[in-house]
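See below for the structure under consideration.
Note that the chains are named A, B, C and D in the order they appear, and that numbering of residues resets to 1 at the start of each chain.
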Amino acid sequence: MIERSEVMGQPEPALADHPSAPDPAPVPLSAVDAVARMASPESPVPAEAVPVGGGAAELPVNGYPGGLDTVSNATATPGDLQPYAELGLRDDEYDRIRQILRRRPTQSELAMYSIMWSEHCSYKSSKVHLRQFGEKAPPSDRMLAGIGENAGVIQISEQLAVTFKVESHNHPSFVEPHQGAATGVGGIVRDILAMGARPVAVMDPLRFGAADHPDTARVLPGVVAGIGTYGNSLGLPNIGGEVVFDACYQGNPLVNALCLGVLPVQRLQNKAAAGPGNVVVLLGAKTGRDGIGGVSVLASATFDDGSAQRRPSVQVGDPFMEKLLIEACLELYDAQLVVGIQDLGGAGLTCALTETAAAAGTGMRVWLERVELREASMQPHEILASESQERMLLIVAPEKLDAVLRIAEKWGVPASAIGEVTGAPEGSGPGRLLVTWQGHTVVDVPPGSLVDDGPVYARPMREPADLILLQADRAETLPRPATAEALRETLLRMIASPNLCDKTWVTEQYDRYVLGNTVLAQPEDAGVIRIDERSGLGVAISVDGNGRYTRLDPYHGAKLALAEAYRNVAVTGAKPVAVTDCLNFGSPEDPGVMWQFAEAVRGLADGCAELGIPVTGGNVSFYNQTGAAAIHPTPVVGVLGVLDDVAERVPMGFARTTGNDHDLIFLLGE
Amino acid sequence: MTARIGVVTFPGSLDDRDAARAARIAGAEVVSLWHDDPDLHGVDAVVLPGGFSYGDYLRCGAIARFAPVMGTIAAGARAGLPVLGICNGFQILCEAHLLPGALTRNQHLHFRNRDQVLRIESAGTAWTNAYQPGQEILIPVKNGEGCYVADERTLDELEATGRVVARYLGGNPNGSLRDIAGISNEAGNVVGLMPHPEHAVEALTGPSLDGLGFFTSILKHLAGVPA
Amino acid sequence: MPRVVVDVMLKPEILDPQGQAVANALPRLGVTDVSSVRIGRRIEIEFTGQPDLDRAREIADKLLANPVIEDFSVRVADAGHAGESNP
Amino acid sequence: MPRVVVDVMLKPEILDPQGQAVANALPRLGVTDVSSVRIGRRIEIEFTGQPDLDRAREIADKLLANPVIEDFSVRVADAGHAGESNP
């Protein structure tokens, strides 16, 4: 008998926004509000008042709603109402799903489509623009993996390659700054790990509201402590980042995290679940009810009471487990025990199962009850949607399974074989993903339909009406300090401004020394990491962005961010070779925001073409807005460069010299 | 014969490779020791490296203390085996009662990473004999729970018997009582140190080369002791 | 002294890495009959006057617990309990 | 479920910077009648069989508390207390 009381019995206050929550994402009103809403003593409905789909005890497993919704049940009850709108799916999207399946989706399937077709996973509003990165990119023979993979991989010598990527964890970091930021670091680290690389450094471009706003006093220390705790505990040096204050980020702080990894070229991994008969292994932390806020609406009997049952989308990170996961995966790679691998991120098992299968064109058979759970009462759709951290999905040849489980055990990481790769039905076309739960089929879908056939929108775009006014207010018209005294005043004001002041309070909380390869870090313009101790081969990375420039002119603002990062890398003596980006914007449903986005992408793609370096990967974060007010469009750009010998790096400060042999100072450029 | 220095890896150890690198630069042969293996593989000295063993959950070092390898190390240490605990290693040594006192949350409640000046107070231990007494060195400190505490009597006794090995100068980074950065046991073979000498052994990656002395000290010490 | 105790525990569905690490370590101490360990905070608040439960509840809600991931409970301390040491 | 609670508090003579930070923040919330705040750990241990106080005391002594800086006390949980959420 399935114990359901934990799903239903404990009413949860409504959740605040989350990037992987169904979109259009509801945006929290204000800091205090969002938190207050979650804590509000008034909101929870008393347990008895929540209908539990009849007496839970007598309900047959395939009872619906509230019970287990199987494929046969879905076929038999085509007219049942489903909460697709609450899950963020549009009418036409829901119709598409029914066409694909030739029936209504089961609860589990509906959860999966709603997640995979969300903005966060499907890039449905950004796809048409992001294509330019590929189309305009200069040819690069260094790029071993690019956009579409977990992270771009760049070859830097005969034997070695590096991989890097920047990602956002903005909304969770507002709701729960410490854990939100911490799990942001955890997520990007697993992307890097999935490519076959050992993570070796992190960076953290951050944006907060006004420095003196009371809510900044809640968000900033929490975010910094979260990034510090997670990164420090993994043993990853933090080699740079940004701290920017602007009132536009008050209700929407930006927490972006970049990770750098290193791999021998032949250790490059991919996510394809190739080879029917191979075993699907879930490695890492047990699966719990983390971040399933959105889909918990499925547990409700009537959909309008769904909000009362939503669970918080907050995940708690366990950096210790992640550290063990890293070591276990690297040992598995080196022993050549892995056919394919994918990290579990925002969309949990749903994303990992469908993406690995779709990448290989194979099918998959999964026994969901084999997933190790933190709470036994979890329902299939919850298991499929769970965003529990510190997990990876492996595809393993059956004869290697024992060796894989042994290595997992050596590192104390739970591992279980949960499924099997299957072939195409009649040897033609892609296979199907078949998921059962205690003998009942709850999912039967073509995996590609979730991954590749999601909706794509060319959203309306319009230049914001106020842009002309903004641009007319030119810097040239501002009063200038005319006297020495006024100049002194201006200088003092600038030095005291939060955006220019010393960032040591933040950067001291990060370990910069661990691993012993940090050649340059804060307060340098770029971080430099030694990759090969013998040859001195290394890389330099800088991340930069300027929302105010981009607000005034998105095309040039994006180009400027790229140029700044490029310069910061170049001045260390490194040759810039690759770009990653995190595009933080407001709602794509706002034509003004969509225009900003399109212009920024065009600018970044053009800039990359002009500089001759490709975008290798990145991330889009939409819905960064409070009510109708969007943040400044904030593309954050990371540039990676190569140094043949890090001993030749050029640090930022003037060199100390002895005697009269002083350095000369030049100003280059106009 | 080159000295063999064992570096223990616990789940969650982070600075183990750095400790190994430093020992190697000093001229030692490095042997990796594993938390789950009680065998010390005939090493002449042991380094317990920095990191977050077992996530540093509960209390730093509290769980690591019960690792099988610690049983052997504790017995060895009592019989004179040189042991250096750095940061998390220091915490483990205190939890294992091989050193007195405890390391608690930094008084300012933050993790702090900075380059720190130390004064070597005792050059009489197995791990500090390459320094001059009173010598000032610059090495990184980085911890969240590095505030050394012990009762007054213990502190007085440590001072009186020359067992305060190093002290913070120019600002105490964590609130440690009497600015204590490192201590030793009575025999001087077991040393615990909060800052990280292994991160100051190469000009390219550290603030100085001042950390190397801890590793050359142990080689000197072992060379002087007939095997 | 009038004293209020606030117990703050992670909500049951939230991962508790600390508790898990301790539970995993117990077999090493020869303890095999423990099925779960959860670790939270115990906070003792001493008032200058009468212990004020409402006040304590407000402090807990605003400062001591994060309601997104934690539950708390508030009560007046059993006399003498807190000082009680147990070797 | 049989459950034992172990409360671990810093010894009175050991400085508690976290508690102090909370105490210092209280006046900003308008709370002026608190004289001290101490923050410790509350550990809930669930046994597979009968809650075993001696066993719990042994675990606390060896692992959960550091006798150099901490005191602890052990008791069987008030029924239903742990799950109790507030508000």
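We adopt the following convention: contacts are C-beta pairs under 8 Å (C-beta built on N, C-alpha and C of every residue); 3 or more make two chains touch, one makes a residue touch a chain.
Which protein is which chain? UniProt says B = Phosphoribosylformylglycinamidine synthase subunit PurQ; C, D = Phosphoribosylformylglycinamidine synthase subunit PurS.
Quick caveat, the model's predicted, so the values are computed rather than measured.
A.B. asks: Return the chain pair with more inter-chain C-beta contacts, choosing between A-C and B-C.
C.D. replies: A-C
A.B. asks: Mind checking the centre-to-centre distance between chain A and chain D? Centres are C-alpha means, answer in whole Å.
C.D. replies: 36
A.B. asks: Distance from the CA centroid of chain B to that of chain C, rounded to the nearest Å?
C.D. replies: Computed from C-alpha means, the inter-chain centre distance equals 33 Å.
A.B. asks: With chain centres taken as the means of their Cα atoms, state the distance from chain A to chain B in Å.
C.D. replies: Roughly 38 Å separates the two chain centres.
A.B. asks: Enumerate the residues of chain C that touch no fewer than two other chains.
C.D. replies: Correct list: 12, 17, 21-22, 25, 29, 39, 61.
A.B. asks: Give the residues of chain B touching no fewer than two other chains, as numbers and ranges.
C.D. replies: Only 54-55, 57-58, 63, 66 qualify.
A.B. asks: Which parts of chain A, given as residue numbers and ranges, touch two or more other chains?
C.D. replies: 318, 320-321, 412
A.B. asks: How do the chains pair up in terms of touching? List each pair.
C.D. replies: Result of the pairwise touch check is A-B, A-C, B-C, B-D, C-D.
A.B. asks: Give every residue of chain C touching chain A within the complex, in rising order.
C.D. replies: 10, 12-17, 20-21, 24, 61, 66-69
A.B. asks: Please give the residue numbers of chain D that touch chain C in the complex, ascending.
C.D. replies: 7-9, 11-12, 19, 22, 25-26, 29, 31, 33-49, 52, 55, 57-64, 67, 71-74, 81-87
A.B. asks: Where on chain B does chain A make contact in their complex?
C.D. replies: Chain B reaches chain A through residues 11-12, 14-15, 17-18, 21, 50-52, 54-57, 110-114, 140, 142, 144, 196, 198-199, 202, 204-206.
A.B. asks: Which residues, counting only chain B, touch chain D once they are in their complex?
C.D. replies: Where chain B meets chain D, its residues are 58-59, 62-63, 66, 94-95, 100-102, 104-109, 149-151, 175.
A.B. asks: List the residues on chain A that touch chain C in their complex, please.
C.D. replies: Going by the criterion above, the answer is residues 6, 35, 38-39, 175-176, 179, 285, 288-290, 311-312, 314-318, 320-321, 374-375, 388-389, 412.
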